[in-house]
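By letter and in written order, the chains are A, B, C and D; residue numbering begins at 1 in each of them.
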Amino acid sequence: MTTGLDQIFVALKHWVVSLCPTGWQSIVSMVISAGAILGVFASLFGLTTLLERKGLGRIQNRPGPNRVGPFGLLQPLADGLKMLTKEDIVPRSADQLIHFLAPVTMVVPVVLAYAVLPLGRNMEAVDFDAGLLFFFAAGAATEMAVFMAGWSSRNKYALLGAMRAIAQMVSYEVPMILSSITVVMFVGSMSLVQIVESQSGYHWGWLARWHAFTPWGFAGLVLFVVSATAEANRSPFDIPEGESEIIAGHLIEYSGFKYALFFLGEYLGLFSLSALGITLFLGGWHAPVVWLEWVPSYAWFFGKLLGFIAFFIWVRGTLPRLRTDQLMNFAWKFMLPLVLINLGTAALWWYTGSWVFMGAAVWRWLICAAMVVVPYAVLGRVMFERRHLGPRTYRYAS
Amino acid sequence: MSPLAQCLSFSCLLFGVGLAGALTRRNAILVLVGIELMLNAANLNFIAFWRFGPHPEQLTGILFAIFSIGIAAAETAVGLALIITIYRHRGSTNLDDLTSLKG
Amino acid sequence: MGTAFCIAALLTLLGGVGSMCFRNLVHCAFALAVSFVGLAACYLLLGAEFVGFAQVLVYVGAVAILIVIAMLLTRNIESKHEPLVAGGWVMGVCVAVLASGSLILCVVNSSVVQGPVSARPTMSTRALGEQLMGDYVMALEGIGLLLTASLIGAVVIALREKEER
Amino acid sequence: MDPSHAANAAIVTHLWVIPAFPLLAAGIIAVTRQSGRKLATVCAVGSMVLALILSLVAFGWVLGRDRGGGELHAVQNIPWLQMGSQSLDLGWVLDPLTAVMLVMVSFVGLLIFIYSIGYMAHDPNYTRFFGFLALFAAAMLGVVIANSLLFLFICWELVGLASYLLIGFWFEKPSAAAAAKKAFITTRIGDMGLFLGMLWLYSSSGTLLFYDHGQGCLEVGALAKLAGQTTLVGMAVSTGVSLLIFCGAIGKSGQVPLHVWLPDAMEGPTPVSALIHAATMVAAGVFLVARVYPLMAAGGPAPGVSTALTVVAWVGVITAVFAACIAVAQTDIKRILAYSTVSQLGFMMLGLGVGGVAVGMFHLITHAFFKALLFMGAGSVIHGVHEEQDIRRMGGLRRFMPVTFLTYAVGMMALAGVPVFFAGFWSKDGILHAAHGWQVSPWPFWGGLFGALLTAFYMTRQVAYVFFGEYRGATRRASSATAPAVSDGHHEPHDGTPHESPAVMTGPLAILAFFAIGLGFIGTPAWPWFQSLLSWRPVDHLELGRLFEEGGAETMALSILVVAVGIGAGWWLYGRRPASSATELDVLERHQPAVFRVLREKFYVDEFYEATFIRLNDRWAWFCVTLDNWVWGGLVLVISYLVLGVSWLDRLFDEYVVNGGFDQGCRGIMRGGTSSSKLQDGNTQTYLRTIGVALTALLLLLTWGCHQ
């Protein structure tokens, strides 16, 4: 389905690159890719801030920004200008260099992670054989950035927030990676391009073969989204920033452009994680049904991404914040077992693929669904009955 | 100098840096850091020998490096736990203070 | 050996030296992270991208963080009022210089390094995985066991003992 | 395995359960608190009931066996100790002897247990008492079923222990404690012989099992071997072993000269006296002789005649007469019975010696019942007259205690051998008959007759004193309060008059009285059912004519005559004109004071022992001490000075030669250790540095070494 519209950006890039001298072509290609990614996602960031404020406003029964431009559309621009022009305050006792480096360290790896994401058919900057690993490696660097920010600020709230953030990110990295591993197991490749390829084709001639349409895939998607929410420090897992408790955590001593960079980094991280979820479980840029294949692939990708963003905004508007101990219990006692069981489910699904007897598909479905649902129900019930509501202790505040 | 020799010399330098740190710093954690650096230098050797060796199609060097990374992670975890425990008991991670095995 | 490799190696070495020389422990840790990243870049340039990514994931994402947390827990981040280095540091540096110097001497004088440079090998992650789950599966399981054991061991060692009543 | 073995599986393989029940009861009671009386009672009595039931089952099984062929002894052996190729086996045997004894012991034991419930009701140590009783019963049953001399010996010693505990039950009384010690030590002398005999038997025959399908030591092969070997003074090994084993029997059964412990043992509670002296412990000796009868009889010139058996017969008859004489002059109701027991045991031994197992065992069984009856009757009397044991202070009790009187009279007549209707007549007659037919010597027969005469006489005397005439005890109330409280805790109102005992005590009396009468009829010459059972031949049919065969009639007539004379003399002397007061002199004493005194003082045996053995022992001990002090002591002193001198020289050598060098060496090592420990400065980095230097050195060495 390589229609002109679908490949228009690819063709454009090839044309531009072909204009350059041979020695420079690879570099130009990279620069173009990077620039496109930066431009697109930075604008998406701007759009998202507006959407979030609007959406939250709707949820909270208020109009949201509506003064700057038509329907407040120019609000992000105004915000950006305000941020750029604000005075950059650095605390006197802060570690100047680290304080400066932290926002940069935050943004750069996140942007790097986009390199391996296929944004559309043939629209990926690099196709690493170990692309997924690269993605997670890049994501791991943000922990360092958060720590740098928190530590260099010489502020107890900042340090506290940073420690919380690191604990949370390290904890939720485990279920996130493990839930992605199911897909790697099933596809047999860590290349994100190949993972997307593996989801091409249609069930019964019309329904896309996304991993989310299998029991393990669905469970994996849910687990992945929950861990991604925590990994991106989004509500209801936004404990590190908890304004009401530790007044924005590691961001407390940042202002102006550095603060904007942090903001950018966080949102870009959210986008990249959503994009990874789409790539792994929701068929990447593939259309959901065969009749909609005429829509360009990047449109599908960004449509799904916007859906994710809407979902996150919705969650933020509706769910209250968790406590640290609840968060950790949830990660290690609930998510981790489920993820491990899901690995087994995926393996079972893989081996039962060769079943040929009568009603094999139904049995396969039933067994795998039971393997997903029963542990969820049991664990959920156990966790619910053993809620720890006693006095809590803070490990890093003592 | 051949690429292999360059790689190996680089790793020797890294090893030397790590060794110097481990030999001179007073803080136990930094000694551990120095050891990590030496381990990484060794890791680099594996990769270099794999890359420039006669049989790059065999992945032994890579696998060695991966296992070595795993072991280093385990070693760091246990080592740091030990240091924290020592600190809790002695109130110090200064190696000059930790000489109860003095003969 | 391209310029990129030299830059990465330089970054690594600088990071390493920094991590050994800074007075502030946390700076040391950051320098260490830089060194790890540089080394990962070296791996990438040598064609071992899987190891490079694993290096970042494990060392920057886990080991460096672990070290930083250990530094915070032991609470002597800045040793301003004490001498930076242990007594007899000159000896230590001498020994280190001697050791690495003799190592380099060995390398340079070795006949092994004179062999022809083979073409850049193609390393597929799939082949690596098949090796890991095939010939090296026992080693892999051993590493898994080791990691689990060290995880439990570290938790047990570092657990705060119950105060005696 | 032949069919008979397969058939015996059920009861024989589980015969050990019978002693196990009382043992279990003893164990449970041992861990029960003293207040757990009900539990102790239920455990002890229940275990005895179970043991009795199982014994009856075993008895029935033996009765039901075919007496024509098959093996007489059903055995079950288990290896206990494996020592190289040798193995020490334990086991149990079920044959007529065992079966009869099992029933007797468990039945009489059960009655005594029940009787004790009443007798000991007020004792604070009631629970402990039942624990000891159960232990005793278990050990005794173990003796009975044992198929190995070793197993028998173990149980035998347990019996000794239990009897020690029971005799000394009221150990607060010095006399009881002394009596317990005396009983224990005296029987130990006999047990020494038994132990030596056991060792000798094992070394000569290689087995201690009695019956082991042809390999046991009581079976033909081993007996022939033992009888064939001779030892010092031309005695066969079997005779030597038999005599040593008989030593054990002498001790346990109170034969002369080791009879002294038995009368003293009356210090224990009366049920204990009944249990020990009537039914079981003293019977153990007789039983032992009966058990090893084949060994005893081995090597004799004719069947039933051998050196060992001759010794048994002579010891028996001497004891019978000797003890009967003493009994005539005693005034303590229980002591009379005790000497009577000794005398009757002598009769049993005589029966074993002259007539074989059946004769002796028959008297053992009948005696067990009527002597238990008498003891328990005596206990009832003592209980009724408030712990009074002197027959001179009783009298006229037949009006106060009719049941006790009737049953006691039955027992007395059975013991005296009143003809036809009482068990004692038939069993004693059997012994006399066998003694009459003994070829070796006629004297045992005449001795036995004399003993029977005396038996009838002293029993008549006792009954006349106790039950006839006027009650002579009321005058002594005030002084009895100062007497040691034999059984503290009697709370019933003491009005000074005797009273009948409760039903729980008289019930067993009645049952025993029934058996004292009825049991005789199973062993009459006319219908020798019991004898045929023990001799394992088909049952003879009732044939009155056999009563008068082989001189039976003369013997019987003689014994009837003797009994009549004895009872008549007793009644003439004591019953015709009962003593009017407690202080009145005995009739015999009035006429023959010297003889009476000798008899009353038990022929001065204790004094004789005192004057001879104990004095001799003292002298010998004094001599040894002197020898030790002066001769050996001096020698030791001289030697010790010599040793001291040598050791002083040795010390000089040690101190200046050995130590000097050693100290130098130690100092050197210490210096070396000190200097090398300087290397260990505890600083990690020093070590690391050393490693670095070593690495460099190694590298350089390798590089340059390679190049050259």
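Please note the rule applied: contacts are C-beta pairs under 8 Å (C-beta built on N, C-alpha and C of every residue); 3 or more make two chains touch, one makes a residue touch a chain.
Since this is a predicted model, take the numbers as computed values, not measurements.
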Note: chains that touch chain C and chain D both are B
Output the touching-based chain groups remaining when chain D is disregarded and all other chains stay put. one piece
Any idea how many Å lie between the Cα centroids of chain A and chain B? 34
Between chain B and chain C, what is the gap in Å from one C-alpha centre to the other? 6
Starting from the mean Cα coordinates of chain A and chain C, work out the distance between those two points in Å. 29
What is the distance in Å between the mean C-alpha positions of chain A and chain D? 96
Considering chain D alone, which of its residues make contact with at least two other chains? 683, 685, 689, 692
Where chain C touches two or more other chains, by residue: 50, 54, 62, 86, 91-92, 95-96, 99, 103, 123
At least two other chains touched by the same residue of chain B: list those residues. 19, 23-24, 95-96
Which two-chain combinations qualify as touching? A-C, B-C, B-D, C-D
Complex interface listing, chain D residues touching chain B: 676-685, 688-689, 692
Name, in rising order, each residue of chain B that touches chain C in their complex. 1-10, 12-21, 23-27, 29-30, 32-34, 36-37, 40, 43-44, 47-48, 50-54, 56-57, 59, 62-63, 65-67, 69-78, 80-85, 87-88, 92-96
Using the touch definition from the top, list the residues of chain C that touch chain A in their complex. 24, 26-27, 30, 33, 37, 40, 49-50, 53-54, 56-57, 60-62, 64-65, 68-69, 72, 123-126
Could you pull out which chain D residues touch chain C in their complex? 683, 685-686, 689, 692-693, 695-696, 699-700, 702-703, 707
Using the touch definition from the top, list the residues of chain A that touch chain C in their complex. 95, 98, 128-130, 133-134, 136-141, 143-144, 147-148, 151, 159, 163, 166, 170, 173, 188-191
